[in-house]
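Read the structure below first, then the notes.
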Amino acid sequence: MSKSLKDIAKFLELECEKDLEITKLLALKEADANTLSFFHDAKYLNDLKETKAGAVILEEKFLEHLPEGVVALVTDEPYKKMALATSLFTYTPSVETHEPKLLENAQIANSVNCGKNVTIGKNSKVMAGCFLGDSVTIGENCIIYPNVTIYHECKIGNNTIIHSGTVIGSDGFGFVSKDSSNTKFYQIGNVVIQDNVEIGANCTIDRATLGSTIIKSNAKLDNLIQVGHNCQIGEYSIVVSQVGLSGSTMVGQGVVIGGQCGTAGHLKIGDRAMLAARTGVTKDLEGGKVYGGFPATDIKLWRKMQVALLRLAKGK
Amino acid sequence: MSKSLKDIAKFLELECEKDLEITKLLALKEADANTLSFFHDAKYLNDLKETKAGAVILEEKFLEHLPEGVVALVTDEPYKKMALATSLFTYTPSVETHEPKLLENAQIANSVNCGKNVTIGKNSKVMAGCFLGDSVTIGENCIIYPNVTIYHECKIGNNTIIHSGTVIGSDGFGFVSKDSSNTKFYQIGNVVIQDNVEIGANCTIDRATLGSTIIKSNAKLDNLIQVGHNCQIGEYSIVVSQVGLSGSTMVGQGVVIGGQCGTAGHLKIGDRAMLAARTGVTKDLEGGKVYGGFPATDIKLWRKMQVALLRLAKGK
Amino acid sequence: MSKSLKDIAKFLELECEKDLEITKLLALKEADANTLSFFHDAKYLNDLKETKAGAVILEEKFLEHLPEGVVALVTDEPYKKMALATSLFTYTPSVETHEPKLLENAQIANSVNCGKNVTIGKNSKVMAGCFLGDSVTIGENCIIYPNVTIYHECKIGNNTIIHSGTVIGSDGFGFVSKDSSNTKFYQIGNVVIQDNVEIGANCTIDRATLGSTIIKSNAKLDNLIQVGHNCQIGEYSIVVSQVGLSGSTMVGQGVVIGGQCGTAGHLKIGDRAMLAARTGVTKDLEGGKVYGGFPATDIKLWRKMQVALLRLAKGK
């Protein structure tokens, strides 16, 4: 997809001094010369200063931090304007089905439905009732169990197993709420699942708002897990049933997340951290430690808290 | 569907002094002259006094509150008798599929299965593997993503998006447990989803026991959310992933419910209330305030509770 | 399936003094003469002493407890070796579909997909988009709502209702994590659902690692519930929405488990216990009592804990 920056600016009702061909919308950090990006949170000021974007939507007061040559679209509401811009780049779903490309010994059940340009790798099996959207690719030696849905543009690596009912690439939850309105921030990224991953039944792994939600090699996910837009789950990490990861949670390598844990968004869990069941994570967690409770704390301290409360209640 | 009150009473092994044509079973408040209703909870005494029902199942001691002209079916077990009555009005699922009525430019994938009398509105798309039960209607400009299931009689408004794997109209969880038996309270209501609603992936929205479960216009639901029978979610409200709303939870307008929250049944959350992630609601919450914790309390107080507990554990 | 013990031992790189025909892998307690079992947890020493297995994988130091005549496969890593052994007995999924055997008046929708040797009992209905794997049997008078997935070898009793999107028999979550690797413990058991059971929408009920996950007669499950491998849910028990039962949780008879509860694995909940919503169970619970909180405790004590904490925070 490709649009002129002038046309985009016109649609957004913003001034635009120079035209450009825009092919992608991405975060400041991932942007290149044909990308329109946006800046709406002072936390990412360094990303603004170093962006390679072609154009950026931002407030006037941050103009001074914009690298030379980057075109500015100035507004008081950069987040809302970017949301509107995503509507120009969003995918239009189609009810048509097409023949997928089956590589050597790949097999699909008759009832599988595919969009355009789907490729299924060597020795992989896609079972009954699955849906694979436009441009989905499945690697080698995968098993996709019945009734899995994989939305357009998502990529599945090699030796990966996905259990029934799981949905990969549904829209991330993004709305700009203001004055009793909920403007949709169209979710124009995708999901990338690497190699040797196993994902349980009835999970939901949302596509990225911009860019990719990534499940790295050898990660193992249990059932009924929610992975929000733009999350990353590191190599060899284990996520137990009913965990919910809010948008942009960054899970390190070799992390173990117990059942029914939850995380607030935009935080990091360090390598080899272990979270007891039902831990509620509200800020970054250092790697190599064991956590419990809500808000998450050192597990020993959390156990002390339980004991102290019990004593208090018993009047001892 | 239509039955004579005498026949119903006979089936329930109850006396009945006057015959009536009964076409519906509904709560006291929603009942009209051709409705059989029931009274089993003193909390709803005002509804009994003002009911417009044709007939009511109730205990003898409440007879004095029954409006004049309403036929009484007297029993010691009104809840169980009503449960039995629902078995006479329940829907019999069919494995047959039928052609839906497609309004202008509506499109469905070949693999969509429909019951009888399904209508799909202008410009709407229903994607592969969806099931739409008898008498389902879909409004205009909707997108129903692959592998969604919508049970019989449910109604979807205009400009609504439903993501994959979501189930709309499954039975509410209703059993009369007594003496080691679980009698099913058949769920004979439906689900009504209004306009501009978005519902994420793998949610479950149960049909009402009697009447309708209602998701009002502009509400936005994330993934893996449970909405119990007879819930209402108000306009512009936002519900984050993995929330569970028990039966008859009434969520006001512009409410924000954070991830993994839960509510006990039969309670109200006032307009513009905000619930932090993982809040557990056990009674009505006033609108316009921010809550956290379990049981839900003022968020500032809840934070103080966390700090106090931490201090106690550390012996300070 | 049948393999020689010598061949299995060779694959595992273990010594084997005597050959046997091995047809099953099972826990020590359930094993018979043609079974290979394993011992990896001192907690089950009595099971070892009384096992009827043909052969057992175990550490050298426990050899003395092995009943006479049982063949030993000695290793320092019995759990990992058993995991490897399961790979020899695991099922290979197939994308082919077959005609099921329909008993008197059984009905299936056209779009239902079945594996080999599927039998559907008298008067049962299987609705659109369901998948029934190899050797699945459905009893009499069942309703399987649209888009349910039942994996190979699972058994459904009579008068059972399963709502849409539910997945029965997906792999239990079993990995041997060591030195940055996650070796899959193949899940070669099944799920048995007895009579008069109702299971809500979008639940996940994992097959047993070895043996069966069992939902007993008259149990009722709400929506979005996770039942781990080898769990048992007793007769007449009620499980409310979004509960998560970890592997090998043994739920007694007439138990009520409130919404969003969770259990750690390998524990027992006694008959007629009641768990308030959101209870987190970390050890065995005696029957006939009411529990709340996390970790689960007597509900009255838990309420006192809440009150005490509130007072502390308010400085009273």
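A, B and C label the chains in the order they appear, each numbered from 1.
Quick note on the criterion: contacts are C-beta pairs under 8 Å (C-beta built on N, C-alpha and C of every residue); 3 or more make two chains touch, one makes a residue touch a chain.
For clarity, every value in this text was computed on a predicted model and none was experimentally measured.
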Components of the contact graph without chain B come out as one piece
Same or different interface residues for chain B and chain C, judged by whether over half of the residue numbers are used by both?
different
Tell me the angle, as a multiple of 5 degrees, of the rotation that maps chain A onto chain B over the C-alpha atoms.
120
Find the geometric centre of each of chain B and chain C from their Cα atoms only, then give the gap between the two centres in Å, rounded to an integer.
31
Spell out, as numbers or ranges, the residues of chain A touching 2 or more other chains.
111, 129, 147, 165, 202, 224, 242, 260, 309, 312
With touch defined as at the start, can you tell me which chain A residues reach chain C in the complex?
107-111, 125-129, 143, 145-147, 161, 163-165, 198, 200-202, 218, 220, 222-224, 236, 238, 240-242, 254, 256, 259-260, 277-278, 306, 309-310, 312-314
Show which residues of chain A lie in contact with chain B when the two form their complex.
93-97, 111, 113, 129, 131, 133, 147, 149, 151, 165-167, 170-171, 173, 175, 177, 180-182, 184, 202-204, 206, 224, 226, 228, 242, 244, 246, 260, 262, 264, 280, 294-295, 297, 301, 304-305, 307-309, 312
